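Here it is, the structure, as structure tokens.
In order of appearance the chains are A, B, C, D and E, and numbering begins at 1 in each one.
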Amino acid sequence: ADTSAATGASDAADAQTKIAAIIKGLDNPFFQTMKQGIDDQAKAAGVPVTVQAANSITDTTGQADKLNGLAGQDYSCYVVNPISGTNLIQGLARLSVLNKTVVNIDSPVDAAAAKSANVTLATYIGTDNVQAGKMAGARMTELVPAGGDVAVVGGIAGDVTSGARVEGFQKGIGPKLKVVQTVAANWDRQTALTAATDVMRANPNLVGFFVANDDMGLGVARAIANSGKTGKVKVISVDGVKDALEAVKAGTLDGTVAQYPYAIGLMGVEACQAAAKGKALPPNVKAPVELVTKDNAEKALAATPKPFGTYDDPFRNLTR
Amino acid sequence: MTDHLQPGAREDILLRTEHVSLSFGSVRALVDVSVTLRRGEITALVGDNGAGKSTLVRCVSGIHRPQSGRIVFDGGEIDFHSPEDAREAGIETVHQNLALVEDLTVWQNLFLNREIVRRFGPVPVLDRRAMQVRAKEMVSTLAVNVPAVRSRVRRLSGGQRQAVAICRAAGFSSKLVIMDEPTAALGVQETARVEELIVRLRDEGHSVLLISHNFSQVMRLSDQVWVMRAGRCVGGRRTAETTGEEIVALITGAAGS
Amino acid sequence: MANATLAAPEREAWSARLKDVGFWAEWAALVGLIVLVIVFQALNPTFLSSGNIASMLVAAAILIILSVGQTFVVATAGIDLSIASTMTLGAVAFGQAYAAGWGLPLSCLLAVVAAALVGVANGLIIAKGKITDFIVTLGTLSAASGLALILADGKPVTIIDPALLSLSTGGIGIFGWSVIIAFVVAVVAHVALFHTRFGTHLLATGGAPESATAMGISTQRIKIAVYTISGVLAGLGAILLVARIGAAEPAANTAFLLNSVAAVVLGGVSLFGGRGTIVGPVIGALLLTALVNGLTLLGVSQFYQPLAVGIVVVLAALLTRFQR
Amino acid sequence: MANATLAAPEREAWSARLKDVGFWAEWAALVGLIVLVIVFQALNPTFLSSGNIASMLVAAAILIILSVGQTFVVATAGIDLSIASTMTLGAVAFGQAYAAGWGLPLSCLLAVVAAALVGVANGLIIAKGKITDFIVTLGTLSAASGLALILADGKPVTIIDPALLSLSTGGIGIFGWSVIIAFVVAVVAHVALFHTRFGTHLLATGGAPESATAMGISTQRIKIAVYTISGVLAGLGAILLVARIGAAEPAANTAFLLNSVAAVVLGGVSLFGGRGTIVGPVIGALLLTALVNGLTLLGVSQFYQPLAVGIVVVLAALLTRFQR
Amino acid sequence: MTDHLQPGAREDILLRTEHVSLSFGSVRALVDVSVTLRRGEITALVGDNGAGKSTLVRCVSGIHRPQSGRIVFDGGEIDFHSPEDAREAGIETVHQNLALVEDLTVWQNLFLNREIVRRFGPVPVLDRRAMQVRAKEMVSTLAVNVPAVRSRVRRLSGGQRQAVAICRAAGFSSKLVIMDEPTAALGVQETARVEELIVRLRDEGHSVLLISHNFSQVMRLSDQVWVMRAGRCVGGRRTAETTGEEIVALITGAAGS
């Protein structure tokens, strides 16, 4: 899926738009779907794009190095999804000096840091992880009786995304449910499976799991099936990848909060196109978030990786 | 260099190196070395430290390959690619560094790459007991403070190690046994036993190549002496026809070949 | 004549044995495991419930298999840093084959073959190229995970197969099938290491490569063999992994790498090669698994778990202190 | 009298030097780097633009510093697996101090002290407890990242400080401040290793610990010293890291660990200890950085990058093949 | 065991071990060993392989600590915690395993932990040139095929290594020089030079403890001989008052002390 064949593009119309995208680790389906959105939109619009990613979700400096590597080249627009709020600041500062368009997607660049480094962002297309967690929490309160014990399976301990989702979940359940244990499963399905097995052993009365991403969610679902607690212990995860949607449809997963990285990536490219046409971009665009349950899983699956519902895409008109 | 062998004795020759040379970087360890070993004899190789004796031995036993020259063994030219080839061809060596594996036991070292196996169906399984029993016999012929065959070599004293290495070389039938300073670390009694062993090997028809700095030993045991100096073979003598003084003169360079 | 190696009287010998360095080094993991079990059981009685033992054993199975493979490599003074990504590659190969309709047996075979090929490549480059083990396997660590990503196009493949499911959930008593497979692997490995010529040559290669060469052992062949074994076992681990999580993922599995080496070292095997046991690393793997299980059961906070794991690993290693 | 160590004629000596094993092993990283630069420059002319060189150097600075620390440890036949998480701990300590209003100089000091303490702990446990380096630092790898999490309560601290920002963006010509710091560290390390008693004793400890002990060198003190140095350099790395990413984060940057060891090995330093250079690992670090930078510039797909990195690492290592 | 010293010679004693014992696991390497060394004399220690000679040396030079018994050196009881202590006290040792660092050069080994430094302000920096020059002098007094002082020890032949180790021990002023089989791997010329060196050391007032399996050497050089057998000291003799046969009888156990 090498999309760099664009170096020799002779298409004069789009020669001024040449996009570089730097996203997080590709070892996770979430970001692959994001890449797919970027690639598809770029192809549809006939714009050359190169997508680079960090080696892993913790590779903050590696991601910065990659942005710096691309910053010196003749791209006109950079789509960035920083691992942390500040790790790309230096490269972005350089881009701002060069007057390149920077579109921030998914994780936000820290506003204070951006200001102090004179970084100007054309727009932010964001996923609100706290919001996603909140939706999962609200759903959990509907699924299980009030006062029940629930557990949380997070990503790598200390990870920002995981932290935001968990924080949202806590808000979502409010005082109705009690989080008895939080474990870190390193974004890894096997680890999540083992951890969930142990957590259920330690808390026989457990009624639900909130899992910070789908991959781990599937592992937790497996752990529940293995210990014969299907139906008794509910699992809700976040992301909305295809396998998770299928699991929701099959009933092994009780719900997933879909964040549509495809749409985020797609809108990122659209924002670049719009900026190239000299349009004014809205500063802050919310990406769609949907709760997928057994009822709408079929629909979600049919549409995946695109959102099944309608959502607001302010860039669509701007690119015309 | 002239040939010191009487005509007619040629077919008696077991090993012949012809113009063998080998350099390590800028160090010319062997320069045009030609020596011969006869069947059923003890041949001694003497020379100062760093003269190239061990390097020559390592060429014959398959560790190094000469950069030029050839080696003829048992009638045919040989080109060993590994020590395994040399052992297959019938050359057993007691190296100066002994070539023992410290973390293995005495019996495991004795039978290294010569293990006795018993078949369990198609699977060859080590016959540990048989090897231990044989090992005990082998060691007790040579050592005085017999090391327990089940103790690791790491724990043995310098002399005990040397005894183990010699046992290993002598314990397997071979055409040529090379011993690189086999008694350097040995006590009086052990030295006497090793000397007995060397003579016995000869009497049983094996050839022995002995490297030693111990002159009286060389004069006592050997049939032929070759002298090396600074990488070259500077002379060869029948032991019976020479004197210790002549050999020393050759070693120090006070006399030519 | 007096003999210097004469054994001292019985009682002294016994106390000497307890003071003996090898004794503690070899059994450190076991002592550590026992201490850990006692502590956890005292703090949480469900720890030794048959259900928890069963799930601990199942959780340990893959690590046991990888640790056995790692032991072979470490005993030759090598290290297989690629073991976890080789497993990932095996899993992905399995997933692709299965998704392409090859059926279970062929898919399993492919997983093992793919992983074995990585092992062979490791072995060949190390033995023929005479490059340090560490850097070669670091290279293949990267290359194998790259291959896995390319093969899978970055996407996991969900695999739902009744036979595979029963492999991960069925078993005899508290011993799941995967555990039984792991123990069989361990027994075969023990026999290979201590009761075959190959095993002796392997230890000789690790302990004193020059001496081994001088005795006519082909250290190159041994190196190739151990890395192949490590690869095959990584492939076997891949099958169990796919069975366990019901999917073939290109995820890195880095935790398995460090854990497999940790199990080997806790098991009293010297990283300098030349000596080793199979029992030790197996117990080491159980120790590491029990540790995480116990900490989770006790509800130790996720922030404190790494600290606790670190401290226990060092304490357990203190028992192996006299190694070498 | 003829002398066996007599040098052969001039011409032979030169060709011998080219055939000499040490020569290639020591300069492998440099040869690899040059080849890589030529290839990348041919494929993409921006590679050698001053802007790109500057950003490569800045990107390499932290890795260079860590590799120098790792070299000291590796030269004593040890390995510091905790180096990356020690850096994380240092960064978090920095962040907490800065957030608490300690000011920049004190915060920097605390970062170095915190990291140095981990190093001292490593050294003490390894030297006094006589435990294998690998397992101790594996333990502290876990413990240090646990401590970092606990200290930071799992949350990153954003640090916006003009002085720190200029540290990461300013510099002289194409050399950023962080690069200049890294080079100063390398020069000091070179002098320490080759022109002080400490350096000689360090190499003796790595090459033949028993001989070193017999000569009255305290190998324990040397071990403690090298791990402390490694810790201090990890602390320095932490400051540059915070400056670079503008935040102190408790999630560990694991890539630095393997890369630091890879740089050392590519730099021709034997993992068995006893010999080493500083130039080599520095070039090794530059090689690894240039590799990733070049692949990114060429727009090599993300999935193919690990494969390419793996292959290049093995190829570069092929040049060090005759090491030892 | 009786004391073989004439009364009145007591104050001449440089080193005395008193009932020293040491076991490795079940191996009793030293059992109740009491020996004495006089100032300005060459004392020999002989015995079979594995008799415990090297172990005794290692106790005196600070590598092992005796499990019981005491060691008196230069008038005071000593309790070395490390070889450094022993070197500080004035005991230099040539160990049987030579204690060289293979990856360091000859001169680095010679000056290991005795490096010559030059101060650059507060920073002591190695004076490589001075050490290399001194090293060349030291080595040339002893070795015949002089190894280049800048080559790594890894490349030297067995004998060349031994020469380096001996140079190191002799090169620094000390009260006692211990040599554990110093000439085992040496050639004729080198052996002669080492023997000259040993005599010279004695003549310069140093004491020498010499371990050797070479009888004629022991009888030629030493003033006093101690005999060990299976971990025990089984006798001591003034060399002038004994014969080779008597010593051999002691070693083999054919005679009592």
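Some observations on this one:
Everything below uses one rule, namely that contacts are C-beta pairs under 8 Å (C-beta built on N, C-alpha and C of every residue); 3 or more make two chains touch, one makes a residue touch a chain.
As the structure is a computational prediction, the values presented were derived from the model and not from experiment.
Ranked by separation of Cα centres from chain B, the top chain is A.
The most distant chain from chain E, with centres taken as the mean of CA atoms, is A. Chain pair with the larger contact count among A-D and B-C is A-D, by C-beta pairs in contact.
Rounded to a whole number, the gap between the C-alpha centres of chain A and chain B is 72 angstrom. Note on chain placement: the centre of chain C and the centre of chain D lie 29 Å apart, centres being C-alpha means.
Put simply, the C-alpha centre of chain B and that of chain D have 47 angstrom between them. Each of the following residues of chain D touches two or more other chains: 1, 3-5, 149, 154, 254, 302-304, 306. Across the assembly, chain A contributes 1, 26, 56, 157-158 as residues in contact with two or more other chains. In chain B, 27, 50-51, 97, 144-145, 147, 230, 252 are the positions where the chain touches two or more neighbouring chains simultaneously. Residues 61-63, 82-88, 93, 95, 97-104, 108, 112-113, 115, 117, 123-126, 128, 144-148, 151 of chain E touch chain D in their complex.
Contact residues on chain A toward chain C in their complex (touch as defined above): 1, 26-29, 32, 56, 154, 157-158, 180-184, 186-191, 193-195, 197-199, 201-202, 215, 218-219, 222, 226-227, 243, 246. Within the complex formed with chain B, the residues of chain C that make contact are 1, 3-5, 191, 194-197, 199-201, 203-204, 206-208, 210-218, 274-275.
Residues 81, 125, 129-132, 134-136, 138-147, 149-150, 153-154, 254, 258, 261-262, 265-266, 270-271, 302-311, 313-314, 317-318, 320-323 of chain C touch chain D in their complex.
By the touch criterion stated above, chain A contacts chain D in their complex at residues 1-4, 7, 26, 35, 50-53, 55-56, 58-62, 64-66, 68-73, 84-87, 89-90, 93, 110, 112-113, 116-117, 156-160, 163.
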